[in-house]
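What follows is subunit A paired twice: with subunit B in the first complex and subunit C in the second.
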Partner chain A sequence: MSGSSDGGGTVAYIQHHLTNLCVGDCDPVTHKAAGFWALHVDTVFFSVALGVLMIVVSHRLGQNLVTGTPGGFQNFVEMIIDFVSGQVKDTFPGHNPIIAPLALTIFVWVWLMNFMDLIPVDLLPLIASGVLGIEYLKVVPTTDLNTTMAMSLTVFALILYYNFKVKGAAGYLKMFLFHPFGKFFVPVNIVMTVIEELAKPLSLGLRLFGNLFAGELVFLLIALIGGTMAVGLGALIWFPLQVVLDLGWLIFHLLVITLQAFIFMVLTIVYLAMAHTEDH
Partner chain B sequence: MSKQKGPGLLLIGVGTMLTSMTVAGFGLGLFVDYWLDTPPLFMLIFGGLGIVGGIIKVHGLLSKLG
Partner chain C sequence: MNINVTLIAQIIAFVTLLWFVNRVLWNPMNDLLTARQKRIADGLAAAEKGKHELELSEKRAKEHLVEAKSQAAEILAQAERRGSDIVEEAKEKARTEAERLVIAAKADIEQEANRAKEQLRGKVASVAAAGAGRILGREVDEKAHADLMKDLVGQI
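This part shows the complex of A and B:
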């Protein structure tokens, strides 16, 4: 796949790995979405599969809970639940039974989707093309802007819902009229607050996408070191270098994927907490 | 120890706050321009407001640190 040593082969390799399996309104040449009715089947498949995995594992664990001395996996899950529950208690004022499960779901699901980045970049696309004849496969759902923006827009919908529910339509409208410059700059306040509200889902979605996309790109570049340069004796130098760099980036990236899942979860809790308070 | 630390945690996202507010401002302006057929008037005005709002927001968050 990456045997060509010219720039074209390298670029084609990267572009191939960054192209989704598009169905519907897609460009026949670039295979990118060309309209609204384009579906990234690989993104949908992997995100739903990981969601189902999460549900099945949780269900099985729930069926086999031990009260005395729990096993290693139950301990691990309890540790994650305690951690998320602690974050919600520290951050969220009052009580809303939906927030902690929502935060836990976001944290675990985003982490699992990010974790797909640590699977060797060529492994699943090779299996897909060899066994199933699928030409394009992008295995990390969070490197697709559709996933991250869908999640952040869902959080935004919840923010709007709780703003209306807690503050009331009049209270929420008042925030748009008089924040941040007071009653003499109402038109500016409206625009400013609308921008501020729109920036929330935008920053949530773009941050996750940007970090994971860049991480995936670095993995692809490291994969190219061995693929494009290891010819003859040169392989003795380039292959060990690739292994060391890959291992180093993998360890560092493990931190990045956890941090990004944590940030998405924490900011969701904070934004929902702000929606639950009377002041802005 | 039960003190709420919610607003402080917003500092996690302070790095992207300025850029996202700028992008949101320009985006909203672009939409209004498209709607009223007045390019590039509102894109520039709302973009400017996005930058100013982002600076105010980031300054407000960071000044809580000190």
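This part shows the complex of A and C:
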């Protein structure tokens, strides 16, 4: 019946949208990555493109910095930098020159990648397939677990590095043995602390991925309202509904992407602050 | 499989971006903000210093004013003293002058009186001569009896 074919079309539509442009060790039928040696070209392309955008804009801004009274864009950038360094100062004890740029990079990059979610879901894939002949395109890099985990694992590596550097190997080991229940529960402590430490990168990466993936999915579902569901006169009802819902979710999602970028940044600062404090 | 080589690519991208942001965005902006902070702090310090200096000079001006006032009072007192001195002196001068005038006037008066006396003596002599002539019925020759007359006048 039409219902089942609609359902099939819907699933296919969503599936298609959630499939990366895979190169390398990919499944030829589903076009999903089949092994480790598969590269999501779209993810890398968009994240790197946004990174390059950041660098180019920063560089151009850096060429004509004004010490006295800054104009529009410099003011805006200064506001962001002030905000980030304020967060770092509030949360981070002592001084480490890497923390603030790290937080700034995460905040701006994650926000920019999240922002790709607000571009109409079908626009870029349509251009890609129509103009460039690219079949699959997943635009938002943060809806790819690889991106979010890449950042959270980098942060995790920094957490480990500073734990060893500040507390020393013995001090870090002591934390595993005697935290959080004291010296009489050493096995429990080890399990608890290992879970706690491993949960940091996992939760960091999965939270961002989950939120953005869900957001993208909702956009897809809203897009479906006016797409496959509306046939003939039904479009008169469904199309305005789609527009209203899409606008609502867009505005809400604008808050979500900012919040997620902010959370990722703040948690990074907090975790690194914890790595820097002697007593736990 | 969801995790694949993209992860490594993204880690490299992230670290590279971090390096660039630190170099291109964070460091220049941070330097700029620090420089501006310093400038503002300097400006505020200068303003504070200016205010302090203003207060100082106000205080100094007040001191000057007080000094000037006391000086003026002193000068005034001096002038008053000097004025009364001058008045005193003038009074003294006037008194001596008056005394001198009185003495001169007295001398004049005496002289005048003497002269009047002298005249009177002469007149008396002629009157006496005329009277004696009438009494004797003939003219007394004043010249002939000059010695007598003189003697008479001297007795008056």
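Just so we're on the same page, the second predicted complex is superposed on the first by the 275 of 280 C-alpha atoms of A that agree within 3 Å, B and C clash if a C-alpha of one lies under 4 Å from a C-alpha of the other, contacts with A are read in each partner's own complex, and residues count from 1 in each chain.
Convention: a contact is a pair of C-beta atoms (placed from the backbone, for glycine too) under 8 Å apart; a residue touches a chain by one contact, two chains touch by 3 or more.
Note that this is a predicted model, so its numbers are computed, not measured.
*Asks:* Is this a clash or a fit when subunit B and subunit C both end up on subunit A?
*Replies:* Subunit B and subunit C fit side by side in the superposed model.
*Asks:* Counting residues of subunit A in contact, which comes out ahead: subunit B or subunit C?
*Replies:* C
*Asks:* Centred on subunit A, what angle do subunit B and subunit C make, from Cα centres, as a multiple of 10°?
*Replies:* 100
*Asks:* Check the residue A:93 against both partner chains and state whether it touches subunit B (first), subunit C (second), both, or neither.
*Replies:* After superposing on A, A:93 lies in contact with subunit B but is clear of subunit C.
*Asks:* What is the contact status of A:77 with respect to subunit B (first) and subunit C (second): first, second, both, or neither?
*Replies:* After superposing on A, A:77 lies in contact with subunit C but is clear of subunit B.
*Asks:* Is A:142 touching the first partner subunit B, the second partner subunit C, both, or neither of them?
*Replies:* A:142 contacts neither subunit B nor subunit C.
*Asks:* Quick one: classify A:260 as touching subunit B (first), subunit C (second), both or neither.
*Replies:* In the superposed model, A:260 contacts neither subunit B nor subunit C.
*Asks:* When the two structures are overlaid on chain A, which partner does A:152 contact: first (subunit B), second (subunit C), both, or neither?
*Replies:* Neither partner.
*Asks:* Quick one: minimum Cα-Cα distance, subunit B versus subunit C, in the superposed arrangement, integer Å.
*Replies:* 15
*Asks:* Spell out the residues on subunit B that touch subunit A in their complex, using ranges where they run on.
*Replies:* Counting only subunit B, the residues touching subunit A are 2, 4-7, 9-10, 12-13, 16-17, 19-21, 23-25, 27-28, 46, 49-50, 52-54, 56-57.
*Asks:* So in the complex, the part of subunit A that touches subunit B is made up of which residues?
*Replies:* Residues in contact with subunit B: 89-93, 180, 188, 191-192, 194-196, 198-200, 202-204, 206-207, 263, 266-267, 269-270, 273-274.
*Asks:* Can you list the residues on subunit A that touch subunit C in the complex?
*Replies:* On the subunit A side, the touching residues are 20, 24-25, 32-40, 43-44, 47-48, 51, 54-55, 58-59, 61-62, 65, 67-68, 77-78, 81-82, 85, 98, 100-102, 104-105, 108-109, 141, 144-147, 149-151, 153-154.
*Asks:* For subunit C, which residues count as touching subunit A in their complex?
*Replies:* Interface residues on the subunit C side: 1-11, 13-18, 20-22, 24-30, 32-33, 35-36, 39.
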